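The structures considered in this document are given below.
The same chain A turns up in both complexes below, where it pairs with chain B and then with chain C.
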Partner chain A sequence: MAASATLKSNDPNARLTEALCTSLRRRQIVGSLNVALATAALIQNVVRSARYSTIDELLGLIKSIGKKLIDANPKELAATNIIRRILRLIREEYRAAAAAHIISAPPSAPETPFLGPTTPGLSAPSNHYLSTATDFQFFPSTSQLSRQTSLSNFVAMRHSRAQLERSGSLVDMQLSQSTNSLFTRHNNVPETPGINRIDSDEFMKHSAKLKPVLIQAIEEVVGELETTHEDVAKGAREHIHSSEIILTMGHSKTVEAFLKQGYRDRKFTVVVAESAPSYLGHSLAHSLSSHGIPTILIPDSSIHAILPRVTKVILGAHSVLANGGLFALSGSLACALAAKTHSKPVVITTGQFKFAPAWNLYHDYAAVDFQGPGSVIGTTGNGGGGGKESTEVVDPYFDYIRPELVQLFVTNEGDHSPSYIYRLIREAYDEEDVEL
Partner chain B sequence: MPPKKHQPPKAESKTKADNVDEAPLQAVILADSYNRRFEVLCSDQPRVLLPLCSTPLLAWTLESLSLSKVRQVFVFCGVHSDKIRAFIETSPYRHTLDIQCLSSQTAMSAGDALRELDDMSVLNAENPFILVHSPIISNYDISKMVEAHKKRREEDKNFIMTMGVGLGGRRHPESPIMLVHPPSSRLLHYVQNPLSPSQPRLSIPSQLFLDPFPANIDTYEIWDLGVDICEADVPALCTENFDYHDLRRHFVNGVLTSELLGKKIAVHLVDVRSGNGGTYVERIRDTRTFGEITRDVLRRWAFPLAPDNNEPGGVQYELRAGNVYIAKDNVVLSRTTTLSGPLLIGPRSALAHNTRIHQSTLGADCSVGPSTTVNQSYIFDDVRIGANCTLKECIIGEGVIISDDVIVGKGALIGNGVRLGRGTKVPDFARIGRERYGGEGFDSDDEEDEEDEDERGESYHNRLSTLGPDSIGFLWPNEEEEPASDSEDEGEDPYEHPRNKRLLQLGRRLSNISTSTVSLSTLSKASSSEASSPLSVASSASTLPDLAPLSLNQGPREEFYIEARESLLRAYEEDHKVENAALEMRTLVMGENAGQDAAREEILKFFLSKLTLSGGAGEILKSTVGVFGKWGQLVRSFSTTDYTLIAVDTQKFCVDNEPYRPWFGVILRGLYDSDTLTEDELIDWRDSSVSKGEGTKDENEKKIWLEVYNKGKPLVDVLESMESDDDEDEDDDEEEDSE
Partner chain C sequence: MVAEPITESSKPPTQGKQPKQPKPQNPKPEKGGGEKVKSAKDLKKEKRAAAVAARGGENAGAGHEGGRPTLSVTNTGAAGESRQASFAPSGSASASAGGPGPSKPQRPAHFSEPSGLSLSNIQQNLFFSHLPHQDFPDTSAALINGKLHPLIVRLGVLMSSGQLRGANARTMGMMSAFREVIRDYECPDQAVLWKDLPIYLSPMIAWLEGCRPKGVGGGNAIRWLKSEINRLGEQGDRSEAEQKDYLVEAIGLYLRDRIEFADKVIADNAKEKIRNGDTVVTYARSSVVERVLLEAHRDMKVSDPEAGFKVVVVDSRPLLEGRQSLEALSSAGIPCTYILLPLLSSILPQADLVLLGGSALHSDGALYSRSGTAIVSMLAKEHRVPVVACVETYKFGEKVVLDGVATNELGSVDNLLSIPNNLSFGIKPNDLSSTTGGVGKHNLTPLHLVYDVTPPSLITAVCTEIGFIPPSSVPTVLGKSSSVV
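== the complex of A and B ==
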């Protein structure tokens, strides 16, 4: 965006951004959920306190923060996912407000021939649309808009559209066209001179009203993040049968909540792989067994051997890519491949905020986030690299799991197959935000 | 303060609880090394700005300190302080840290630096500060160390310093031996322990073992991290004691050995078990550690401080398989370039065809000519290397130009701006600087300026044959030959021994030196309840594994018994006065650090052996009274506390020597008659459990004890029954005796 959109160096928001970037770089904030929450908090702060005169300026500002977060830690995709979602929400809210404005005072701006100036966020092409294609209703009705304030509603929308698709309705076409046109319109925004035509005074009048709405929208995102575990766990009953033996590994909070929820209705056994070298499996096993769930802790080396007895593999994810593949704690690939060999279903429990519009990250060698060798060969004895100069240690933190190894994603918004992830992602984020 | 001090709300809320009433954590970085190990590379820049992985060491240090929640940093600079200032002005850390440069031209040692620091009074007197001796690279949260220090100080105000020590680690020529009291982590003793020449013996004052000291000593392979948590007392103490130069050798030893100060130093073990997060703390002390730490960083030991992740210099690197880091900015690699990691190639560097790079770092804007091999070398920015060169375990300074067919031997240090002519062969461990060697005591005739070709002697030709005609630079004398930098004082530093200094160089193999492996002999003959005689302990390496539990009750050395017997024999045969004999014995006891008990036992033993056992009970009684009538007082004068022990010792002697067994009662009677033992003492003896053989090991021995006891018991019974008669007499006697 414009240079004005970048943060001034003395801005407190710049400090906050810098602080989040540093802690991401220094790995002081780790874990998708923590990163997502921290990002949401930061953006909320920016929306609340930053100075912007147009909506595009605000969007640009948020995008520039997103870029910085990517640079800070390209592997924490959750940060940029949240930014994309907030961008989408801001647009939605703004559009809703603008539409409300149109409805409330349609011809209140006599100095303009079209409805444009009273809807400052809309740039020239949209006015153009309205003027040329008068029969086409560019804005969905306000009731539709209000439904779109949170991601859960996007999914609801998707469901309705899926029904429409099935019924082969023509309205569907119109609807999807409208979404597509939204994208195309925004793609054009930067190039059009219309952006300059926005009356900033007019906008400021709205922004005073708009700000609390935007903050509210971000709060909804935060609330949704915070309840992710419970929302995912809600479906546990449908996925776990009685007397199953479930293999998991690492310590995914989502998996933990899922299993605990499932244990209320079903009796089953959990086998936890210890997940060296982080040994997160130990803490999960402890947590589960103290909850009363029969738990067996096994070393990672026994995964393949124990799999014939296992009925289901449930894993957590670090981030889910658009092709349905995912990054998960290292060792997960061993579980998934073993499950494939033994034809056991692999279920991934994850919040939808981990869905990232990225396709080719797994071609990057460093994408699996190599850690230090200390936890593998230890620092005692001849540690610190000493005496082991000739031994190279490779310790990736994540595994990339191909989509064909996964049967099902259980998310906070229903269950989906890997092949459908791209669609969810497309609906959750605006296309123009894919490249921040 | 400008708005720089803004902290993230997240961090604020997190640390609010402990930050409300606390001043920001302060750290002091000693930018000067006060030694000459990097001198050839540091002719025009300070050591802290040497690039490691093409990022200045100071940036690594600041990043490491930022990880430790440090808010305020004082960089104490000596030479080149302007460059350090300039660096800090432009570094991004000035936003997140409050960095102040303190410069001093007069500080010649770390002690001086602390003295000046004390003068400046910039430090918060209430809170401890972190003192960083050398540039560090760390992923450990040093604030944990500060917390531990504060906790320790709450219990005992006398802890003025906490030294960070690490577990494991490589062998380093400067690995001290530390004796630590485990429960309190108190440092008891500090000895420097150079690897070469290795010190086979090490003396630890036995006094240290007498304090409440656990029977088992845990031994770790630990090393000194060079990170200290200091109270304000530390600079103040340095001011008081102006002869403290080296913080370890002078200050630590001074504090530990001074009873007057009563200050204590603790150690903090950086341990994997101490929580999550990294435990890597290393400091760049010399060229050897420079190389080792570079490779560690490339191997991601300091994660998240890895070149591709949190590079303090802000350069972006791409990680490829095998820990190969290639800057994302315009690096040109030939298709035939062989890279074997861990290695790093800085931005805008170009590698020609058939180059082989192995475990090296290349700075920014370097170029390497075709068919050149670079092996375990550290090349700074802007270096041009020609074709067919071989570089092996060396450090090449900034802006060096190396022509074709040059061979640089291992351990060589090439200073900034040097130019090596075609076909030059740089010998191993050579140092070449742009400037003439400036060390005093080194004959400047040895180095001649390359350009003026006139009056040169043999030395010039020597050098010419090394560097070649079209080179620019001066060959410096070998590092181990150079005189100690501080003549009055450094000479006594065992680390500055030429042989040890050699080992500090890059490229030296520690495995070549012949040190017998770690062993510390058991302290089997440590003396018991006596104080302060130095024990000699054989030791030959930096660590103390398998240190057997100290057994402190083994009694005095063999020599004592021999001496004592001879002295007593003289006194007996030459009929010395009792006082003189007592004086002689006492001297011996002091000298040999034996105890009263050992002495009394020995005296008793001696005189009992002088008894004649022939003849009947009457004869024996007579000889006993005869001997102890004179020498009984000597025995008594060595049993200050409990005279009953005389009876016990006598009994023991009789148990040990079979001929005496039947006559124990008679001997006891003799002791009584000669006033060596009083009636009360005999009754005490009778009633005590020891006399009945309690505490002996096996049944058999106990039986003998009991048997002997029964020989003596009737006498005491008889004495008791007539107690009333000579009670008073006995008391008088006893008083006289004990005078």
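== the complex of A and C ==
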């Protein structure tokens, strides 16, 4: 949208970005949460120390960093999710700050009090204090596009429409125009340079006040990330019942926290599939059994055989897509399908930072990450080796699970069914950020 | 009760040491000597405990395999025990573990620690105590016994240790062994051969069953053999030598017709389904499927040197039988891909056919095969790849099996715990023992189910020596073949 601002190469932030890109490319950072935390820390640095003269420059800068990160590891969607969150928060904070500033500064336009996010559909005569007439360039250009078509606004619109009908001051044309705006896509509006010139002067004067606010907002994001596991685990009491037998695989920290929290109130047994060739299941089984939870460790081949005795399947996700489908450790599709065959519920525990506005409609073979073949056919340990020179060995890391196989997403902000995920993503990120 | 004298004899060494174990109803430990005079109530308790132990001993973890041979030697001595006795001391430990609540199991001090895995049998017993477990057979007792032919003992050891694996191989081994046994058999004077021979054979059959359950195919073969022996009785007078020759020849014909020729016909039928450029998926190791693929490859090369097909070998832990399949197929020049079972769903979009072998085919069409076969079929159905099971008719069974837990076998867990690639978070087997590690380590049960049941809806067709049949036709085939056999 804005002119793509990039960091100069001698800028310390550029070096930090490069370092993060390198570790992503080499798969040195393991786990979506760690990636998200690293990204948030990087963006915080950028906001704190980079030079920018307008808010659009800052946003452009962050977007360019996001592009670099996603190029480094296209499968690691958590990085760009965090960037989208931060972009949205920056816009919100900026709008709030700018509004407060305009009120205190000598008005260059007729005075109107600030009413919070504009309510589409709310219409009143232009000299009415509730007016939100569109020719009022009150906020920077970004605000026009951020009329969030969220459910709360929709409800407010209906409510206020009812109110206005009763009070008799309904203006149909404006209302219908605003209603339409609720449902049409907001396209990127080309820049109006005049606005920005005004903005940049005022912005420069007040950027000192704005920066701490932005950094604070990013702190909130980081805080939310750090408490993800605890928040998800709060739902454990409700979802785990007594004497359950729960099947899981891999070693998701979220699932581990969920189960350990659940064990405080309920007694249950966990069956862990060992998840070759990463053998993360062994790690989880170790951790759970040391915590006192009765654990049964099975090889992946026994998943279908043991399912008649299992009451529920709980899995972790790597990233959740906009249609409710998810990428998870390979082998999870077998668990989910077997659960469907035996009519057992499948519960996915994730943090909301894993929700990505991405799709996987045509499941590409290359959509999964490939690891080295050594762990599949390696000769160390009792791997045994085998085969001739021309044997092909592949080691895909992820599986795609379609949304029909999942019953429930337990997240740090509540429980949702897969069909509601698109709504959460719509409300969490701005539309213009979907394409970084 | 056979087991009772053992618990009596094991008492004195534990004097003053850990509390006695064969009293699961009595959680409070008996302090002091074990030399008390036993009241009738105590004796009854011990009897019950020993019975539970004998049952529970069959579910004892694989850790017993290492411990038991030494246990049996020290305990049985010259008494000539049967295997039940050797089960009792270690078995009763797990019985007390499986007793009311997961109380800390107590074991007599004179036993060497059987690697501690048995402690986790609490959960294994919870769900799977009805399943037979592969135990290391007590060969010394068997040979002393005198009722088992040495070939049978050898066969039992081979099967139990896993060197002889696969339904066809085991059945052929078993029938060949019985053929030799019958050759060596001498009917006692007062007895009639067709009446005495089954009695002579039954301890051997029981012993083999204890080493490794023979499964549907083996059971069908044994039943056929017994009916052949019965037929001798109906046919009137022949000399003993003639009768034995008849039986030996009949066994040879059975093996030839029902296994070897059947495999050949199956291969001829199934290789029609493999076309040039196909990708065929196979799981673990099946002798029939291997034969199908090798013959298809050979024929395809003969007709057109440029033609060929690819094979994806899917393997799974802990048995890793797919490696042998991979060796055989890639030595023949077939281009192969090797993957582990959880990784299969990424490969299936490119596959054209899935060929599976089986240990048995049950009456509703459910395929009883190596654990993991159901997952392969399930994923194949998800990606719309046809699944063909290659099963000889001697493996057709009359039962209906509901799921993979109802009938199954518990396998060894040692391989399960040793992860290849020396990853650092592996669970060491001694982590699970009670002597090292904290309380938490008792909570981990490794579990290895050897077989699983694939529902008939996941199988597209079954290839047998009588052609391609839908899985639901098994009872029809059984009805037909019983009139033939």
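We adopt the following convention: the second predicted complex is superposed on the first by the 326 of 436 C-alpha atoms of A that agree within 3 Å, B and C clash if a C-alpha of one lies under 4 Å from a C-alpha of the other, contacts with A are read in each partner's own complex, and residues count from 1 in each chain.
Rule of thumb we're sticking to: contacts are C-beta pairs under 8 Å (C-beta built on N, C-alpha and C of every residue); 3 or more make two chains touch, one makes a residue touch a chain.
From a predicted model like this one, the values you see are computed outputs, not experimental measurements.
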Touching partner for A:A305 - first (chain B), second (chain C), both, neither: second
Partner chain(s) touched by A:I70 [first = chain B, second = chain C, both, neither]: neither
Partner chain in contact with A:V347 - chain B first, chain C second, else both or neither: neither
Which of chain B and chain C A:S275 touches, first, second, both or neither: second
First, second, both or neither for A:I86, with chain B first and chain C second: neither
Partner touching more residues of chain A, whether chain B or chain C: C
First (chain B), second (chain C), both or neither touched by A:E392: both
First, second, both or neither for A:G374, with chain B first and chain C second: both
Touching partner for A:A334 - first (chain B), second (chain C), both, neither: second
Partner chain in contact with A:R27 - chain B first, chain C second, else both or neither: first
Common ground on chain A, meaning residues reached by chain C in one complex and by chain B in the other: 365, 374, 378, 380-384, 386-387, 392-393, 395
Chain C - residues contacting chain A, complex: 122-124, 126-127, 316-318, 320, 323, 326-327, 330-331, 335-347, 349-350, 370-372, 374-375, 378-379, 382, 402-405, 408, 415-423, 425-427, 431, 438-449, 451-455
Touching residues (chain side chain A, partner chain B) in the complex: 10, 12, 15-16, 18-20, 22-23, 25-28, 38, 41, 45, 73, 365-366, 370-374, 378-387, 389, 392-393, 395
Residues on chain A engaged by chain C in the complex (per definition of touch): 269, 274-277, 279, 282-283, 285-286, 288-309, 329-331, 333-334, 337-338, 341, 363, 365, 368, 374-378, 380-384, 386-388, 390-396, 399
Complex interface listing, chain B residues touching chain A: 2-3, 6-11, 66-67, 95-96, 139, 166-171, 221, 272, 278-280, 282, 292, 295-296, 299-304, 306, 308-310, 318-323, 341-342
